[in-house]
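Dropping the structure in here first, questions after.
Order as written gives the chain letters A, B, C, D, E, F, G and H; numbering starts at 1 within each chain.
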């Protein structure tokens, strides 16, 4: 209920076409349903052509299918993250619009055309093992309507590989850096650009990487300024944040 | 050395006005000094009217003064973070342009006019104890040329306080959330807006807050998407990143 | 042995109907068996119609069956937590009174009617993945004789979902909040009610959730007062504590 | 604004005594200010004779005095926790109603008579060093209107000391257990009573107590059911929760 | 080479029956092989009828069999810890003297009679899930020649169960306490006896037990004196230490 | 009340010289006061010439003096650990029997002759910085009536220093190993002797020693068997446990 | 492009045989590809007969085969670490030059003769379970052209075993110490030699070894000087560093 | 006692000039004192012109002076690390040969000429706050006789600063990298050189740097090979290890 509708309701009370009791009930229910909050239900129904998002981890294939079925009624695009092949197969039985991004473990059910931004998001990885997380970020950003450039395997142990890509990276509006092990790539990139950098630590590594903790701490303590960090392996979150920035 | 200058040098070699040996030396030194990297020296000389930044923690007053003296020759604005009263007093003996933001623990030496953006950055805190970190973020963003709105003491234990400010918050382009203790404010704000959110955990708290670790983990694990996290108490980093985003 | 019985025994010694040696033996054994401690054996024989409780994790089906067989002789209700389908099947071969709460992973063997309180316990979850832990709490509370209201999937990333349920929540006498990831729901609920809140962190999440540690720390550091926390995933403990409170 | 007032407003719109525009404004502001949430502003204005609470840690004496001055206008009792002698002295210059509970580090400014419950809260400590935290809990509970029984220095290393107090403890409605070092007291008490137990780990100890972490983990992992845990050294939180339970 | 032999060697040099070069070589090799260290090779050849010990974890069955074969030549008893059924079966093909203690996961190959001490070691557990670790301790102690009393499932949540066994426990010379979850049993037992107590934390538990860390910290911080702690689940180490103490 | 006295009481009831009511009261009070528990109150009144123990940390001088005054009435020896010079001076004003062991930070008030065992306890340190903790252990053991041998500064970085002392060490009945930094000494000593070894990690070190955690983990994971570990810096606990073992 | 080539290019510009535009392009691309950095691409193309290295963990067999195929074109030796039997089998289908070091989990494809140093690297382990990590170090060092001596199972619990090997160890130029559990071997070896020691903690152990953390901390805190530590289980890194040192 | 002396002793026994008993005693004492171990007493008496080392932390000035006095009798150079101004002043009263390296917190008492190697050790820091630790490493290496090059403040946030120094760095034989915060410098340097790299994490930083833990983990997980890590802030250890490598 927007301002206009609320005033209309009050007018109706005034002129007697709506009973006080009826108006009371509508107003009582009001603040939580329709007060024009910026984002009504971020997790399931994102406005403005944003896709509906399903986080599949810990859900059975049939649970996911059930959710997809319900969401398809809204005719929005659907983005299912952390989706296994099995989940994809199950969705395929529901609709032929589903597409599987295997590396990203994302299923996209495309129901509306996606309009792509001019401005680019660059997604950079330190190693090849970081690619699945990077793809989760990249595909998320693409489905959210962003142009994405991928620059993979440019870790700091061979700094020239990164430097030779700096011209491409510099053209991006937002930069996502995905790195496991010691995660130093974020600092080096952060020192070379003055665009917002989103750092995604990955659980790639062993021993004292402690499941991504080492990379996470590295990124949080970066001596370069202008870096925002998301959870370990959280490619979706990075892609989502990058999209929010890129679309400003 | 930009492309034009490099071509000019080669022309000079061609027409003999520069010796091969001389050109060789200039080119050899070139990649590290002047290849047009996006940000030549992020920590000390930031381009485009950006201030010079000094991190004062662990430096003596006389060391800071020495650095200020050197930087003043470039005629840029200077931003000294984590600056004590003593540091401020020492700088005052050098120049009358210094201004002390006591809560933020920032000294600004203003040498050039700062042009302020139309678009706003909102800085929100959960409690009053989080204000010093918030001020570090806010003053940093202001000195970097951003319009800043402060909304303090709207922690989630009294959710109505936050909700009553949502209209102001929604107008911002970027939102910085500063919170200690359990740090839940970032999730709630992240769920209410679709603008980029930068979360700053603070060391406010005791016992199992473990110096800000609890708030840090909360923010990294946020169920709301679109949140980038910086180091504990890193107001400067948040302000800097927010500025980078706001100026896109 | 209560006071009356002890006095009776002494009278019997006095009047010679019981030998000193016999009385000595009974008294010697007395303090640990029957001294009227409030709760004689909490883990296995809870008084006043409380069910017998079996924690099945780490026990084989046949071990559980053996315990059930022995407990059934007391004719109390039995509550078997962390019970797999296999454990349930094994118990079914023993008695037709067994009922399986699959989500809660609880088997109830009902031998006595359960009298239900007027006053309610509300069980709230942040997400759908938290439901199994919530069900463990809810079913435990129900078997202990409490009326339970379930309000699931009202996490703080969509605060309006929670707010729209506040009237139902406010009617409860005790509130159990079950949340994984960053666990912020406990703080928000704690700030909205003045009833006792029991917070249950869950291991739902990944990366820096560290198996529920993030949610646990969030809940312990809550800026809202009046929150008691139980172990990660400990639905049973929350249901049990809530029941103890609700029955005061 | 409660239901009656809202209906009254609508009636006034209907009968023309209030303009639509005026009603619109009041309703717009309504959800956050007066929708009958159970607890409007938990941190500062607690209803029903509850005191106003000030957490003094990290505030200067003059800041505290300023807050006290403002709160005194509401004529409620005031509870200032983590208050140093210096804070107390400063408050004394403002009012002669202030009383200092030195062990508890609490200043109480009494403006209204406190009505005390019949039912008791027992506060138990393992050692003498745990007493300050216990006193914070006890005084908080008392100012909130509860009868409190103190049973100090009954740690499990001398189990008979605890057992000899079980009759007193059993009479309480809610039990607060305060213990540092290994914190085992909570489990033993939890196994002896069937009343709600609130466990407060303290930072008393050294070495591998890691500032109270050992006691905290002990209490969270208790083999006794029915125990809710609060933050390390959080006597106020325990007293507050106990009061919420005791007043049901 | 003992002192007598060394002097004999020198005499032989003196009287010429051994060449200087030959004596030099023997002496050069001497310090590491035969200088009368208290325990020559603790892990494999323990003196005085002590068994040879094999830690099977991380070894294949055939590797274990190979070691057993070699050790059998010394005609000592053999103790294989962390041994699976498969390891046992493999050893059985080598000798009919092997006996499998399934709970303890220990295979004993008995080649010499074990002389049992008069004095007893008591092994106590908090719960039934702690029994495998307790059995590892108990069987180890028995094979090392100690009389062992087992008192299982007397955790502190039902303190009367422990108290009713105190007379048996008090008769022991050394007491091993095995407990997971919060591990409080060690403190209570340590407060009731004045014999050496060896505490074994187990990995029994979930959530914030962090694989036995909670119990470990509890035991290290015990408010009772006279407790020595071994590694999590280290039943063998506890049995070995208890034996060393019991045999003094 | 021992068995004989209980039977006597029952005889008195039988023959009428004690009233039933009177007997009832005495028996009711019985389990906690006089059931012949091995150690009635370990912390304050240790039997058999054992000293009374006061842990001074966190107590004011006047609190300690108050306790000493009360304990002196029992005419036992008194052992005050973690005692500062100031505490010692305060005790001196009470009695001339007080003696200060400065390194050990222990004050002994000697009221009874201490009978010293024949058998020795060896106290070994890795470095000189570990000596205060070692002295706490040594003095505790001495006051408890044990002969103590000190072998200091024989850390494993110069293994020959340790080896040259092995003959002295081997003569001890119990060995206390005190080591900070990496704490490896415990493993080496444990491998050289077959006597009980008590390992005390100290907080000596910096950086990744994390306040003694490194040494603690080293000792818990020792590849040598027969080692019991106490809390970081817990010299008193080690001396107490060693005494319990040595006096068997 | 080396100095000579750069000068040649400039000469060509001077004499007109190369156009300015063409020279500009070559120079622009220059800094990242051929500026004579010490090590151009450490991970894949190591100069001077060094092998190409593939880290197989997290790669499928077919991915590894694809990389091997590509690398074989350079005719260098290839070292595939963390390689399973399956990976080896897959490589065998490509070339008959592949050799599998099963313990080390390394596949070597030998295309060029390896020249072996005179100076030796000693690889020492504490236990037999540490051998796989030690073999990874040893085989790496050998393929990099170093003479390697293996001294296994000389842990500190039987110090004489280590001491009897000291003459062999002393002859080495660099010493790699591989140890799990408490990792004390590094300190003892570091105290006995004055050669560089590289310490490799392993994840061998259980309970409070926390996946190798205990050994890692031990080695970092070693009281012996001259020890460099690598990641847990990082045999390859140790072998690589040792080779770099040995070849100086 | 070297081989020659041992043979001489045996000859003396043979020819009767030394008694058997006397020889027996000398040989008995022999293995620990003089068996030609590579390094007899590493901590105090290092051979070959190596200085004696005193670690001053935790020692009083007078204790340090006492040790210096004793060591001066050997006429070796002395290196006192972690030495305050006060310690230096105290040493100055003993000898005029003392020199204070204030940044490094090292006092050197020079009694013998130090011969300096041709080959260099490079000491690199990320920031200016890392310089004290770097100086500890550099001065240690110099006093041990190594030529040292210092390259300070070349952190990765301004990668061109590092790259412009690569020619100097490449000339070094061993490279010490000193970095706090996220410690990424070690990885970048390790990727650019093929010389041994010793990484020293420092405690410079705040928040999630956790006292140097972040930098430590970064360095241990480095994606560049050939890096050995020492304890946080352990400049001495790095200088010592570098010297051992440089002198091979």
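Methods note: contacts are C-beta pairs under 8 Å (C-beta built on N, C-alpha and C of every residue); 3 or more make two chains touch, one makes a residue touch a chain.
Only a predicted model underlies this, so the values are computations on that prediction, with no experimental measurement involved.
Note on interfaces A-C and C-D: more C-beta pairs are in contact across C-D.
Comparing contact pairs by residue number, the interface of E-G is reproduced by D-F among D-F, C-D or A-B, since over half of the pairs coincide.
One inter-chain figure worth recording: chain B and chain G are separated by 41 Å, centre to centre, where each centre is the mean of the chain's CA atoms.
Averaging C-alpha coordinates per chain places the centre of chain B 59 Å away from that of chain E. Distance from the chain B centre to the chain C centre is 50 Å, each centre being the mean of its Cα atoms.
Each of the following residues of chain B touches two or more other chains: 31-32, 37, 42-43, 155, 157-158, 163, 190-192, 207-209, 213, 216, 220-221, 223-225, 231-232. Under the contact rule defined at the top, the touching pairs of chains are A-B, A-C, A-D, A-G, A-H, B-C, B-D, B-G, B-H, C-D, C-E, C-F, D-E, D-F, E-F, E-G, E-H, F-G, F-H, G-H.
Residues 128-129, 155, 157-158, 160-161, 163-164, 204, 206-209 of chain B are the ones touching chain D in the complex. Residues of chain C touching chain E in their complex: 29, 31-33, 35, 37, 40-43, 57-59, 201, 203, 211-213, 216, 231-234. Residues 37-39, 42-43, 46-47, 53, 163, 166, 170, 173-174, 190-198, 216, 220-221, 223-232, 236-237, 240-241, 244-245, 248 of chain E are the ones that touch chain F when the two sit in their complex.
Listed in rising order, the residues of chain C touching chain B in the complex are 126-127, 155-159, 163, 181-184, 187-188, 190-192, 205, 207-210, 213-215, 217-225.
Chain A contributes residues 3, 6-7, 10-11, 13-14, 16, 20-21, 23-24, 27-28, 30-32, 35 to its touches with chain D in the complex.
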